[in-house]
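Two complexes follow with subunit A in common, the first pairing it with subunit B and the second with subunit C.
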Partner chain A sequence: MVNLTIDGIKFTAPDGTSVLDAARRHGISIPTLCHHPKLTPYGGCRLCIVEIKGIPRPVTACTTPVTEGMEVTTINPYLEKLRRTTLELILSDHPNDCMVCEKAGDCTLQELAYFYGLRENRFLGERRIYTKKDGNPLIERDMEKCILCNKCVRVCNEIQGVTAIDIAYRGFKSKVCPPYERDLDCEFCGQCIRVCPTGALTGKMWTLKGRQKDIKEIDTICPYCGCGCNLTLNIRKNEIVRVTSREDTINEGWLCAKGTFGYTFVNNPARLTKPLIRIAPKNSNELRVTSYELKNKKDSEDLSLITRHSSLEKSLVTRHSSLFREATWDEVFDLIAKKFTKIKEQYGPDSIGSLSSARCTNEENYLFQKFMRAVIGTNNVDHCARF
Partner chain B sequence: MKSDIKIKVCMGTGGIAAGGADVMNAFNKELKEAGIDASVEKFCSMHKVGCRGLCAKDVLVDVIINGKKTIYQYTKPDMVSKIVNEHLIMGEPVAEWVAGEDYYNFHEKQTKVVLSDCGNIDPEDINAYIAVGGYEALKKVLTSLTPEETIAIIKKSGLRGRGGAGFPTGLKWEICRKVVSSGDSPRQESDQKYIICNADEGDPGAFMDRAVIEGNPHSVIEGMIIGAYAIGATKGYVYIRAEYPLAVERLRKALTQAREKKLLGKNILNAELNFDIKVKLGAGAFVCGEETALIVSIEGQRGMPRAKPPFPVHSGLWGKPTVINNVETLANIPYIIRKGADWFSSFGTEKSKGTKVFALTGKVKNTGLIEVPMGILLKEIIYDIGGGIDKGRALKAVQTGGPSGGCIPAELVDINVDYESLAKVGSIVGSGGMVVLDETDCMVSIAKFFLEFTQAESCGKCVPCRIGTKRLLEILDRITRGKGKDGDLELLENLGNDIKAASLCGLGQTAPNPVLSTLKYFRHEYEAHIKDLKCPAGVCNDLIEYSILEEFCKGCGACIRVCPSGAITGEKKKLHKITTAMCIKCGACFDVCKFDAVKKG
Partner chain C sequence: MAGLAAVFGSGAMTNSIPEIENNDVLFVIGSNTTETHPIIGIRMKKAVRKGAKLIVADPRKINLVRFADSWMQQKPGTDVVLLNAMMHVLLKNNLIDRVFILIRTEGFESFKEGLEKYTPEYAEKITGVPKQDIIKAALLYGNAERPAIYYTMGITQHSHGTDNVYAIANLALMTGNLGMESTGVNPLRGQNNVQGSTDMGCIPDQYPGYQKVNLSAIKSKFEKAWGVKLSNKVGLTAMEMMGAAIEGKMKAMYIMGENPVLSDPDMNHTLKALNKLDFLVVQDLFLTETAELADVVLPAASFAEKDGTFTNTERRIQRVRKALNPPGEAKEDSVIIRELSEKLGYPMKYNFIEEVFQEIGSLWQAVAGVTYGRIDKWGVQWPCPTLDHPGTPYLFKGGFPRGKAAFTVVEYKPSKELPDEEYPFVLSTGRHLFLYHTGTMIRKGDALSKVLPEAYVELSPDDANQLGVSNSQKVRVSSRRGSIEVKIQVSKRVGKGMVFIPFHYKEAAANMLTNTALDPIAKIPELKVCAVKIEKI
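On to the complex of A and B.
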C-alpha cells in the first residue's frame, strides 16, 4: 500500500494502482473517454490529465501509477481549461447530430459536452467525411463519430483475441478500420459496440428501437450455451430491443455474437409458446417438405433473410393446425406420463433413452438425469455436448 | 623517389547525387590509360569517402601526393583526365578547380569529433577505421575497465543525448545498468537488456545521422558495443529509416565485417562479452523517432508512443530494460573513451559539453553538414562557417530543431548555441536542423510548412495533437490566404499552449513551437497578413499582386514572352501593363525582368 494525497485528502492505495483508479475508488471523479477498467491504459483522450507535484507537465491519471507520497491535483482552472480545449477539439470533428444519433442519452461524449457547457466551438474546421458501407446485418460503423479512443481496437485484441481492426493512416486522417479498409468481417461478438463511448459503433438491429431512457432492463441468463452468461434484456413496449450485460457478473459484461444479437427468436411468430398434441397421423409429409424449404433458404446471404425466414415460419405454424392442436401443460404432462408408463410396462425401462441439452442449466440437467434414473429407471442418459 | 598518391572521392548520398560514381569511374579509366596504377614510381590508391560536410560543392575530390593534399570541388567526369595528366603525372594541381577560400573558411571554426573520420576513411572498409584508431576504445574498455568505470567516464565527459532532448547519456546508462528487475516481475532479475541505436532521423532537411552512418558506420557500432558492455545488454538494434538505402547498405556491410573480425558475436575480443546487432528498417513514420513508438515498431506493431513512466530503461523493448541512444551520441563514445572525458568536456559550455553536428541549410552561401563546439555563437555559424547570407540579402531568422524547434530572430544572432541558451529563446538544439531564413521568407508560411509536416506525421493517438495541430494549420492557412480574422493570433497562442501542455508525446508537445516562436518574434508579420492583407516577404500568393513600375520599364518585352497566361500587354519600347485579373502570380515576369521594373507586393 502507498500513501498519497489527492486534492488535499490523504488516501492509501494498493501498489500498482493507477492514479485514476485510486481517485475513483474514493469517489473523486475524473472525466475519461478512452479508459476502460478491463483494458490496458491508453492515455489518448487526454481528459484525465492531472497535476502531480514534482512533474513539470500534466500527466494522464489512467497511465500513471501511484507512488509513495504523491500529491495529485485532479481539478483546477488550468486543468479544466485543457479539458475544455480537448473536448472542443473532439467536437470540432464530430457530426454533432445528437438529435438523431442512436447513442443519444447514453453517450459519454454528449454527457461531457453537456457537463462542460460546450455550446460554441472555437475550432470549427474540416470534418472527416466517410461513407458507411458495411454489408453485415449486425454492426453499424459510423466512423465520422469515432473519436479514436481505441477501446474497440483494444477490446478486440485483448478480450476477444480477434484483432479484426486497428488504426490506419496518420494525423487527422487516422481511422479505425479492418485491414485494407475492407468491410468488417469478424466474429461479430459486438464487444466493440459495448465499449464505444460515442455513436460510432451501434447495433444495426436496434436502430430506431428506442432511447436508453425508455428501456426497462431485465436480467436473465443466456439461453445459448452452458457458460451461462448473464444477460440484461433491454425491453421497450414488451419487445427486446437489445441485449447488454452487467460488468459485475460472471462474464464481466462480455458476450459473444449469439448472446448479443441472437435474441430475435424470442419475439418470432414461429416460436412455440404453448404445448401441441399431434392430431394427424405421423406419416404426413407436409411438415418435412416445409422444413426442407426452410433449410435451403438459409444458404442465402440476402439481407432480407430474417423477414423471409419469419414469413416461411408463419406458414409453418398454420400448417401445424392440421397436424397438431394446442393443449395445456397439465394435459400434455398427463399424456407423457401415461405413454411413458405404458412403454415402460410393455418393454421395460431400458427401452427408453434420453438426450439432454447444453442450453439447459446445470440444475435442469441434474434433475433430468435424476428423473431418468429414479423415475423411469434407466441409465440411458446422454447429452448433446458429448457428441 | 616513389611517390604515394591517394585519391578520395566523396561518395555520400550528396556526393553520389552530384555524380560521384561517374567521377570515380572516370578516375579508374584515366588511371589505367595513364598506367599510373601499374607504374613502379607512383603508388596510387583510390577509395570512396563519406560526407565531409560541404555538400554544396560536391563532388569533392582529395588528391594527396606524398602527404600534400589538394581538394577539387564541383568535379565532373570530364575534368578527370586533366587532373590526372597535369596533377598526378606532371605534379601541377589544376588551379582553376581547386577549392578556394570558402572551403577553408567553412572548416576553420568547426571542431570535428563525430565527423573527424567522415570524409577521410573508406566507410566500407573496417581496416580503414582500425587504421585511424578504430576499435581501440573497445579494446581499452574490455581489457582495463569495468562497466561501472566505463559509465563513470561517459558521465564525467558530460555527453548529453544528441537526438534532441539532451538527457545525460552516462546517467541513462547507469540507471539501466542498475535495473535488476523488469516491468512485471519486480523480484526477478532481468534476464535481458537491450541497446537500441535510434537512426530514424526524420526532421525535414536534417541528415546528420545519415552522414555519420554513411561516412563512418563503425564508430556507431563501436559505440553500441561499449554501451552494451556498460549496461549489460546482449542484443542491440539499429532502427534506421528505409529511406536511407546507402546508409543501410554500408551499415550492413560494416556489421558483417565486424562479425568477421569477432567484434560482434560471442566472446568479443576473447572477453566475456556476447553482443550482436540487428538492423530494423523503419516504415517511414516520423513519430517512430520517439523512443516508445520506436520500441513498439520493433515489436511489430503500429508505431504509436505510450505514456512514460515506465521509461524504456525500466521497461522497454519486450518489457525489458532498454537504452535508446541517437546515432551521433553513440558515435561520440569511442572518441571519448580513446581520448578521455576531460578532452571531450574541454569543448562546449558548462552544461553542454562536446560538439554538435548541425545540418546547415537555407539561405547561407555554404550549406552542408557542420560540427561545432557547443556554445559557439550563432553568428559565427552563419557568417563564418556559412559564409553569410546568399545574394547579399539580410538575415531574418534561424530556424533550429526542425518541426519541434523554433525561429530565432536576427537580432538574437549573438546567442550561444547550446541546450540552455536556445531553450531560453524558445527554440531547441533538437537533432540538429538549422535553416537560415532571409528577408524573402514569410514567417507565417514557415510555421505553416512545419505544421503541415507534424500534422501529417501525428500518429493519431491523442486528441490535442491529432485534431489540435489540424486546427492550428487551418488557422495559419486562412491567414496566408488573406482570410485571417481578428482574434486568430490569440486563438493560435491559446490552442498552441494547450496542445503543448496536453499532448502525449514529444511530437505533440513541441509541434506548436514553430507557430509560437514566430508569433513571439514576428507578430507584426502575422498582423500584416490579417489586417493589411499583405505578405511583407511577398511569398503568400493570395496576398501579392504584380505590377510594372513606370519609371523602370524599358518596354523590352521579356516579361510578355515568359508570361504563361498572356496577362502582360504593351508595345515594344513602351510601358507594359499587367492585367491583374488574368495574372496567375507565377512570378516569371519578376524573375526575368533585368531592370527590376516588376513590383511584387
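On to the complex of A and C.
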C-alpha cells in the first residue's frame, strides 16, 4: 500500500494504482473522456491532468501510478483553465448538432461542455469532413463526432480480440477506420458503441427511436445462447428501442451481436396475435412446404414481401388464410381438450407426445412437463436441444 | 449430458464463467466458442491475455485458433482417437494423478490397457494431426495446474457422441483435474435455458431435478405433490417420437416453442412424421415451418413479455422480467398451459409465477434455497439447498454424486456415414455468429440477417480448384437424403475434403442433408458428420 495526499486529504492506495483510480475510489471525480476501467490507460484526452508536487508540469492522472508520499492536486484555477481550453479545442472540431444527436442527454462530451459553460468557441476554423462509408446494417459511424479517444480501438483489440479498426493518418487528419478505410467488416458485437463517449458510434436500428431520458430500463436475461448475459431492455411505448447491459453482471457489460441487435423479433409485426385453427386439409401441404423450402427463388420473393412494409399485411393474410382461420382462446382450448381426451381414451396416454422449449422459462418448462405427466399421463416429454 | 451424468453422477458445466479467466490451460475441443458463446469467448481471450495457454482441437480454423498455442485440426469424427492418444502420452510421461485415481475413481486398470494401442503415430494416421502436435497438447494439459476442458456440439452431435464425452471425462479424471476452482469439464450449453428445461424435467426419463420416473419412491413423491397417479414408463425422446409418429403409434403432439422441421436432421423425415399425426398443437411466437403443419396454433409471449427465470450454462438461475405486453391476444406460455390444464379438469392454482418456483424447490432440494428476492441482482448457481447457502460455483469439491467416478474404456468407432467415391466430402453443420438456430427469432429482413443474407458452403481452396468452382458460385450439395443449392465460400477455415454449412437457412436447409443416425445412449443425431457431393449447376 502507498500513502498519498489528494487535494489535501490523506489516502492509501494499492501499489500500481493510477492516480485517477485512487482518486475515484475515494469519491474524488476527475473529468476524462478516454478512460475506461477495463481498458489500458491511454492518456489521450488530456482532461484528467493533475498537478503533482515536485513535477513541474501537469500530468495525466490515468497514466501516472501512485507513489509513496505523493501530493496530488486535482482541481485549481490553472488546471480548470487548461481543461477548459482542451475541451474548447475538442469542440472546435465537433458538429454542434446536439439537438438531433442520438446521444444527447447521455453524452460525456455534452455533459462536460455544459459544466464548463462552453457556448462560444475561440478556436473555430477548419473542420474534418468525412464521407460516410458504412453500408453495414448495424453500426452507425458518424466520424465527425469522433474525438479520437481510442476507446473503440482498444475495446476491439483488448476485449473482443478482433482489431477491426485503428487510428489511421496523423495529426489533424487522424481518423478511426477499418483497414484501407473500407466499410466495417467485423463481429458487430457493439462493444465500441458501448464505450463511445460521444455520438460518433450508435446503433442504426435505434435511430430516432427515443433518447435515454425517455427510456424505461428493465433488466432481464438474453434469450439466445447459454452464456446467460444480463440485458437491460430499453423500453419506450411498449417497444424495445435498444439493448444495453450493466457492468456489474456475469458478462461484465459486454454483449455479442445477437444480444445487442437481435431483439427486433419481439416487436416484429409477423408475430402471432390470435389462436389459429387449421382449415386446409392435412398432408396436402407436405408438398407445399417442401417445394416452398426448396425453391429458393419463390421463397425469396415471398420473404421480400414480408420485408417490404407496405405489402406486409397482404402477404401475411395470404400465408395464414390459406391454411388457418382465426379463433378465440375458448374455442381452441375446447378443441384441444376434446381431441386430447379422445386420443387418450382411444389409444392411451402414451400416444401423445410433446416437445418443450429451451427458449421458455424454468417455470414454464416445469408446468409443461407437469401438464404432460399429471394431466395427460405420459412421460413423452422432451426438448429438441437437450444435448 | 447423458455421458457426463454416467461418469460423475451429474451432467452440467463443473465450473463457472468467471473462473475461466483463471485457467492456466484451456483445452477447447469441438466448440467454436467465439461464435456460439461469444461472451465466454471473451473470457477465454482474457485468460490468454493473462498468460494462459490455449489448446484448440477443431476441424475448422475457427477464430479462437488465432489465440491458440496449439491447434489440432482433426478430421471430423475422430475425436476419440485424438483424446485417447493424448491420454496415452500422459500415461507414458507419468503425468497422471495417482492419488485422485485411487481415492475418487474406479476402473482405471482396464481403461489403462485400453489406451495401449492409441499411440500418437496411430492417431496421426486416423486424425490427420501430426504426432508432435498431439504430444505438445498433451504435455501442455498434463503439466497445467488449473486446466479446464470446454466442449459443445462438435463433441456431442455424433453417433458416438457419448463416447467422445466419456473420453473427455477420462482425460480429466486421470489427471485429477476436477473438483477445484477453475479446473474441470465444461460442456457449454447452446441455448438460453437448455440447462433449465433439462433441470425442470422436460426429458422423458426424469422428473425435475434429474429424479428418475421409474423409481417408485420418487414417483410416489411426485404423485403426492401433484395429487394424481403417474406413469412409471420412461417416455420417448424427440427423435423417437418422430419415429413413432411415422409408425402411426404417436397420434398427437404438443410442441411449445420448438421448430423441429428445421432443427432436426433429415427434414423430409420430420415433415412426414408431423404430417402423419392426427392432431398437432404448436405454441410459438411466429408461424414457423412446424406451426404450418399444425391443427391448432397458439400465440405465445416472448422472453420480454414474461416473468420467470432462466438457468444458464453454468447452472446460474437468473431473473427474467416482463418489460412489454404481448401483442394482440398472445399469452404467456405458463398461462396457456394452466388454462388448458383447467379445461382438462386439473386446475393449476398459482397466485403469481414465483409460486411455481417455490413448488419446484419443494420437489428438488438443489434449488430449494433460491428465491426471486435472492436473485434480484445476481443469479445463484445450484446446488443451493438452503436460504443461507451461497450457491455452488464449481462442482465435485467433496466428491462425486455417484460416489466414485468411473473410467470408461472408449474405442474408436468411425462415423456412420463416411465419404466414398460417390459422396466424397464430409459435411459438418453449425451455427454462425450473426444467426441463431432456425431463424424464428432473427428473421429475414432484420438488420442482423442482412450481414449474412445468404446461405453458403465453406470449401477449401484446394477442393475449389479441383472442382473448378469459385467464390459465390452456386452449386448443388447432395447427400443420400436430399440436396440443396447454395453458394460457395472458398475458405481456409475448413480442411481439404471437408465442407461446412450453417444450419440457419430454410431456403438451403443443411438438415435436408444430415444423417439421423443416433447416439445409442444420448439419442443425439449425427449432425456433425455426413457424406456429401458437390456439383456445378
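One rule holds in what follows: the second predicted complex is superposed on the first by the 273 of 387 C-alpha atoms of A that agree within 3 Å, B and C clash if a C-alpha of one lies under 4 Å from a C-alpha of the other, contacts with A are read in each partner's own complex, and residues count from 1 in each chain.
We adopt the following convention: a contact is a pair of C-beta atoms (placed from the backbone, for glycine too) under 8 Å apart; a residue touches a chain by one contact, two chains touch by 3 or more.
Bear in mind that the values here come from a model prediction, so they are computed numbers and not experimental data.
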item: First (subunit B), second (subunit C), both or neither touched by A:Asp97; value: neither
item: First (subunit B), second (subunit C), both or neither touched by A:Lys274; value: second
item: First (subunit B), second (subunit C), both or neither touched by A:Asp219; value: second
item: Touching partner for A:Cys360 - first (subunit B), second (subunit C), both, neither; value: second
item: First, second, both or neither for A:Asp166, with subunit B first and subunit C second; value: first
item: Partner chain in contact with A:Asp334 - subunit B first, subunit C second, else both or neither; value: second
item: First, second, both or neither for A:Met372, with subunit B first and subunit C second; value: second
item: Subunit C versus subunit B, contacts on subunit A by residue; value: C
item: Contact residues of subunit A, present in both the subunit B and the subunit C interface; value: none
item: Subunit A residues touching subunit C - in the complex, by the definition given at the top; value: 136-138, 158-161, 187-189, 204-205, 216, 218-230, 233, 235, 238-240, 248-251, 254-259, 261-266, 268, 270-278, 282-283, 285-286, 289-290, 293-294, 296, 299-300, 303, 306-307, 319-320, 323-324, 329, 332-337, 339-341, 343, 346-347, 349-375, 377-387
item: Subunit B partner contacts - residues on subunit A that touch it in the complex; value: 41-46, 49, 57-60, 63-65, 81-82, 85-86, 89-90, 92-93, 122-123, 125-126, 147-148, 150, 166-167, 169-174
item: Contact set on subunit B toward subunit A in their complex; value: 285, 287, 302, 304, 306-307, 309, 455-464, 466-471, 474, 491, 494-495, 498, 501-504, 509
